[in-house]
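Structures are listed in the sections that come next.
Common to both upcoming complexes is chain A, partnered first by chain B, then by chain C.
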Partner chain A sequence: MLFESNTLFQVALSAALIGCICGMSGSILTLKNAVSAAYAVSFASLPGLVLPFLLISTVKHWALLSGVAFFGTAAALQLLFFINKKNRDAFTALIMTLSFGFGMLLLSAAEHYPGAAQIDLHRFLIGDAAVNITADIRLLGYTAISVFALFILFWKEIIAVAFDPEFARSSGIPAKFFEALAAILLAVSVLTGLEAIGVIFIGTLITVPSIAARQWTNDTGAVFILAIGFAAIAGCAGSVAAALLPGLPTGAAVTLFVCSFALISFLIAPSHGILWREFRKKHILREPDNTKLLKLLRSLSAQQEPLQGKGHSISLINALFGGDDEVDSILLELKVKGLAADNEQGFWYITRDGEEYIDTVRHKPSKKVR
Partner chain B sequence: MINPRAEIIIIILLTAIACIIPGIFLIKKRLAVYSCGIISSTLLGITAAYGLFKSLDLPPAILLAAAISAGIVICMDKLEKRAIPRIHLNGVIPPFIFSVALVFISFSPDLELNMDMDTILLGELVFLPLDRLTFFGFDLGPLAIYQLLGVIALNISILVFFGKEIVFSMFDANYSLMIDHSEVRSRFALLLATVITAIVAFRVTGIIMIAGLIIAPAFIAALFTNRLWLIIILAGFIGIISNLAGYAAAHTLEITISAAMITTLGIIFLITLIIAPARGLLTKQRLKKQGEIDKVIALTAAHLLRFESDGRGELPSKLTWGKDFVNTALNKGEDYFTAGEQGYILTERGRALAHAVIAGCKLPDKLP
Partner chain C sequence: MNNAEDIATTNIEPTCVTSKRAHSSLEHIERLDISVNIENLSVVFERDIALWDISFELHRGDHLVLMGQNGGGKTTLLKSLMGLVKPTAGKIYVYGKSAETQKKRVSLIPHASSVNWSFPIRLYDMVIMGTYSRIGWILRPGPTSRHKTADALKKLEIYDIRNKQISDLTASERQRALIARALVKEAEVFLMDEPLNGADTETEKIFWDLLRVLKENGKTVAAAYNNLQTAAGHFDRALLVNVKPIAFGPVNSVLTEENLRLAFGGKTGFLRSEESSFYNTAAPIPADPVNFSTLPQEILPNINSPAQSPADYEDHGQVADRSDR
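Entry: the complex of A and B
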């Protein structure tokens, strides 16, 4: 049944919509540097998922999901407002693990209940793409559009509050309201993706796309749009892969896709990526380093007038230069250019050419490089 | 052979003790969330060890799992040096590794036999007494007890060898560098201890809840006191109590032991958070209110000093702070001003306070 193109399309589309919603709410978290809050909220929603089942023993989805929404929002509010910076790290970790434990306790209690077989609560842990076959695409679409509209309407305020709540408050923006809005959006995105992606993995789909997007650009709007794109593609690809390969947990597949986007971004993204930094270090930073070292050699030789030409040991130069282990290679480069030389004892000194070079460079303004 | 129930109790007590030392240092160095990530990524090492050795019983298997996890820690450190923020790395790498391990498990029937989802998430505490250490035919008890004893010895040695370095780097990173204590080295030792503890105790509670078992007792103890040795004792006490209570609850209610242990910890955590003597929410609330009253008293004293020149005293009714609140403050501030004929008159202490407030242009945190 899954191989029918129509069904597969349904799975892919609803997963992409879930990805959109998650990506949008996650970009606030990345701005706030509160990535781990997403995990805390998603784990905190686990007790909320099981509790309605235990209390009113219903399998109706609205009851389950409103429980999720309640616990998730409560945890998000807790994290975003009430906890001071000093303890936030430990609190986040505690909310994560303790509420997960409580959720597992309720799950194991639910197994004794008659009717537990009707609903596979374990599915909520690692996700199941098959849920998307019956997903209400129209509802998901409306949710995505309304969340997007909220962001467009209050863009300035949301960004201001996320960057600097104090500043936002002082300039008349109701910061509490927008923080609460961010928390509710977080809970909504957990809620939409919970069944298809799973409690354990929904946090990744929320945060990682915006982390990946953050590597490519510094512009907040671009991060937002890129995050939506990454999350939609990853959600879609992961769900389709899980639907086609039986036995593959959907959440794990989605996580694999979205995390590989992030890893690739870490590697090749311009201006933040590792390869880019390496490249820039070699080709741009080199020149000022050479000049700086040459100037150091010159000032050393100036202090040491009578011993002209005797030079200094590499370890001394290294210490004075700032302990960079590239000093050796820079010195060799200078030697090749004939600007510096070493004697038999391995002591380095500046040549006359080098001094002339310094004099020519000195009056040019040096290029500023980060 | 003692009865399996007693053996399970011994195992959970030893688990509580093994978790104390990493927990305290992780809390103090603010590595709690980071360590959650690292602990969840130990699943890859555990999977590899299961794949190669078919069990996690023998030291080589544990060492392999620990080595893979240590490799992950080192990789994350290297990446962090390449100017990728730790918070981003921590959001990406551990989930990636966790899901890679999960994919391995779900596609290898051999692995799935040993590690189904329930083992990963809940542990298999009930089956632990079945793995026994035998020595020339003598039954020496469950293997897990000896593994946990080894982990406790390792953690104590970490405390002895690196405790001072960790404490120094916690308080003053520059000073610790100056006396040749490497922050990187001590942090790595701490994370290694955490990882080994998690790998061995993984079968007790599962991969996610073990982080709670490590962090929560230490954090609860740190709410009570600042002294390291007291935190160690208190954390051990809390861990043992909660594990025992969780076991008892699980036994009577027929629920999963590990989840019950964590839930008990959660209940203790909530209670402590509210009633802890110095850092609890109740104390904080009271101190906040006290601080507000102090401020009102100080401001009233300054106000009275400003207008007392005609000698009649002044009624601070012009202060728009809310009538009830001002009345409370005036009643509490008897030492500083007394009711005169037409209003309040400053006493000697009140005068001193008012002068101090005006001279300092700042409200005191606590009244003299």
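Entry: the complex of A and C
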């Protein structure tokens, strides 16, 4: 039945919609440098999934998902709203491991319950896109559109809060409200994708598309749109692959696609990509080493101005410069030109002439160097 | 501007009003001149005292420098004034109204280290955020906001690099960006947390010029700035704070050797030392907590000089009493 084109289309569409929702909520997390929260929230939803089944022996869909919603929202609020940045990492790890362990314990207990076969809770671990059909697709569509509308309307506020919550508050933007909103959105995306993608893989679909998108662009809007695109394509392709290859869990297939997007982005994305950087280093107008080193000396003296004229040791400069280049010879070259000098202790510093030289370089159009 | 009735409904005690005129309506007019009024402010974070019983008053156009050790409560004081930190006890008024309701009239230059500089945003987009307090929800910045932003960028001489990513900015440019963002807010009171941290001499010059313009326009400034050499020339009032207030008043009468010793816990010998260049031009106390024992010896000219004995503190006990208002 699954191979009937209509069903396959519905499976692909629902996975794409889930991808859209996940991509949107994930882009805030990437901008806030809080991606690990997505994993913690997805794992935290596992006990929420099994507990209703154990407590009231229900196999009703809504009961299981409301447990997920409750646990997911609680974890997300805890991580993004109540816990300060300093403790977030530790709490994320704690919530993640604790709830996964507890969830697996409950899951194995649930297997011995009557009716366990009927619901197949293990499906929730690795995902099965085939479960989302017609009725769910409509709901997913509405959810995706509402979340998108929310982002478009409050874009200014969301970005201001993600960038600098304190400044946002000082501008009269209710930062707490938008932080709570981000947490709820995270819980919503876990909830929507839990069945199709699975507890283990949903965190990847939330976070990785925006991380991949971030490699391609420095524009917040573009990160957002690209993340939606990557997540939707990965969701779509992954669910189709899972449907066509029996035995391949949807979550795993989606993860493979999304991670390959990320891998490609890490390698070839302009300005951020590893290969691109190497290529630029070798072939495209390379900033002369001496200017680069001079800039380093200048930033060193600007960082700790009292040290001006006192200089830094060659080993320190070498470590900051990159290590593999011939720092000694460049420094000597700069000394001959009068742009840098060393004192009797052998510490190097930038001279006034050197600072002026940097200024003239900087005021030329810098496009060539970039 | 507030009307006199607004002011009259607040609890401001007219203790520092210098008017000799007895007429009550005139007194109200005098009170309009008080931009910042802090009454017995104490802030406690999770049983740690950050600030204890701070009271002072600033008039319109006053420029206050806040000095004191790290962890002495300077940042907390500025954040309380901004309405970001709730006072555990005491009251803060900005132009006669509670600081929490006056966020539009106050602008904060945060410490550079508190900003996420890896955020994918252009300098221009960061600075225009300063206008958000004047635009309503949902609405986007219009031509007026863009014009103001361009103006501020030009004033700080960073207009040419407005399309640069903030992650590519130098320490100085970052500092200028923060100042520009605070400037476009068009506030009455400017709060600054180490505004020249990592700034080059050019930025310093622009900053002092800007401060002069703010003064001419009657804007109040409160800046945490630990540089004795330049503070006296550019600020008219000073508050030394080390959790408790040490001294407050005209800058020259506050920044005395005794008061500084109390504020900096006996480590002031090097602050004024002519031969020491470590703290001559920048912050006498580094902005971030520094474990001096881990610094290389060559950059520690005078820090390891013998600390003051307890007796030294006792000698100056009277100073503390006098200023402990």
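Please note the rule applied: the second predicted complex is superposed on the first by the 281 of 370 C-alpha atoms of A that agree within 3 Å, B and C clash if a C-alpha of one lies under 4 Å from a C-alpha of the other, contacts with A are read in each partner's own complex, and residues count from 1 in each chain.
Going forward, a residue touches a chain if its C-beta (ideal position, glycine included) is under 8 Å from a C-beta of that chain, and two chains touch if they have at least 3 such contacts.
What you see is a predicted model; the values in this text were computed from it and never measured.
**Student:** Please indicate which partner A:A109 is in contact with in the superposed arrangement: first for chain B, second for chain C, both, or neither.
**Tutor:** In the superposed model, A:A109 contacts chain B only, not chain C.
**Student:** More residues of chain A in touch with chain C or with chain B?
**Tutor:** Counting contacted residues of chain A, the larger count belongs to B.
**Student:** Check whether A:G101 is in contact with chain B, with chain C, with both or with neither, and answer first, second, both or neither.
**Tutor:** So A:G101 only meets chain B here.
**Student:** Is A:A302 in contact with chain B, with chain C, with both, or with neither (first, second, both, neither)?
**Tutor:** Touch status of A:A302: second partner only.
**Student:** When the two structures are overlaid on chain A, which partner does A:D164 contact: first (chain B), second (chain C), both, or neither?
**Tutor:** second
**Student:** Using the superposition on chain A described above, determine whether A:V208 touches chain B (first), chain C (second), both, or neither.
**Tutor:** Touch partner of A:V208: chain B, not chain C.
**Student:** Could you say whether A:T92 touches chain B, chain C, both of them, or neither, answering first, second, both or neither?
**Tutor:** After superposing on A, A:T92 lies in contact with chain B but is clear of chain C.
**Student:** On the A-aligned overlay, A:N33 touches which partner chain: chain B = first, chain C = second, or both, or neither?
**Tutor:** It touches chain B and chain C both.
**Student:** Indicate the residue numbers of chain A shared between its chain B interface and its chain C interface, in ascending order.
**Tutor:** Looking at chain A, the two contact sets intersect at 33, 214.
**Student:** Per the contact definition, I'd like the list of chain A residues that touch chain C in the complex.
**Tutor:** That would be residues 31, 33, 153-154, 156-157, 159-160, 162-164, 166-173, 214, 217-220, 223, 299, 302-310, 345, 347 of chain A.
**Student:** Which residues of chain A touch chain B once you look at their complex with the stated criterion?
**Tutor:** 33, 35-36, 39, 89-90, 92-94, 96-102, 104-105, 107-109, 112, 122, 125-126, 200-201, 203-204, 207-208, 211-212, 214-215, 247-249, 251-253, 255-256, 259-260, 262-263, 266, 272, 274, 277
**Student:** Report the residues of chain C in contact with chain A in the complex, numbered from low to high.
**Tutor:** Per the stated touch rule, the residues are 79, 82-84, 103-104, 106-108, 110, 114-116, 118-122, 125-126, 129-130, 132-133, 135, 137-141, 165, 167, 170-172, 181, 185, 198-200, 277-282, 298-299.
**Student:** For chain B, which residues are in contact with chain A within the complex?
**Tutor:** Touching chain A from chain B are residues 27, 30-33, 35-36, 79, 82-84, 87-88, 90-93, 95-96, 98-100, 102-103, 106-107, 117, 121-122, 208-209, 211-213, 215-216, 219, 253-256, 258-263, 265-266, 269.
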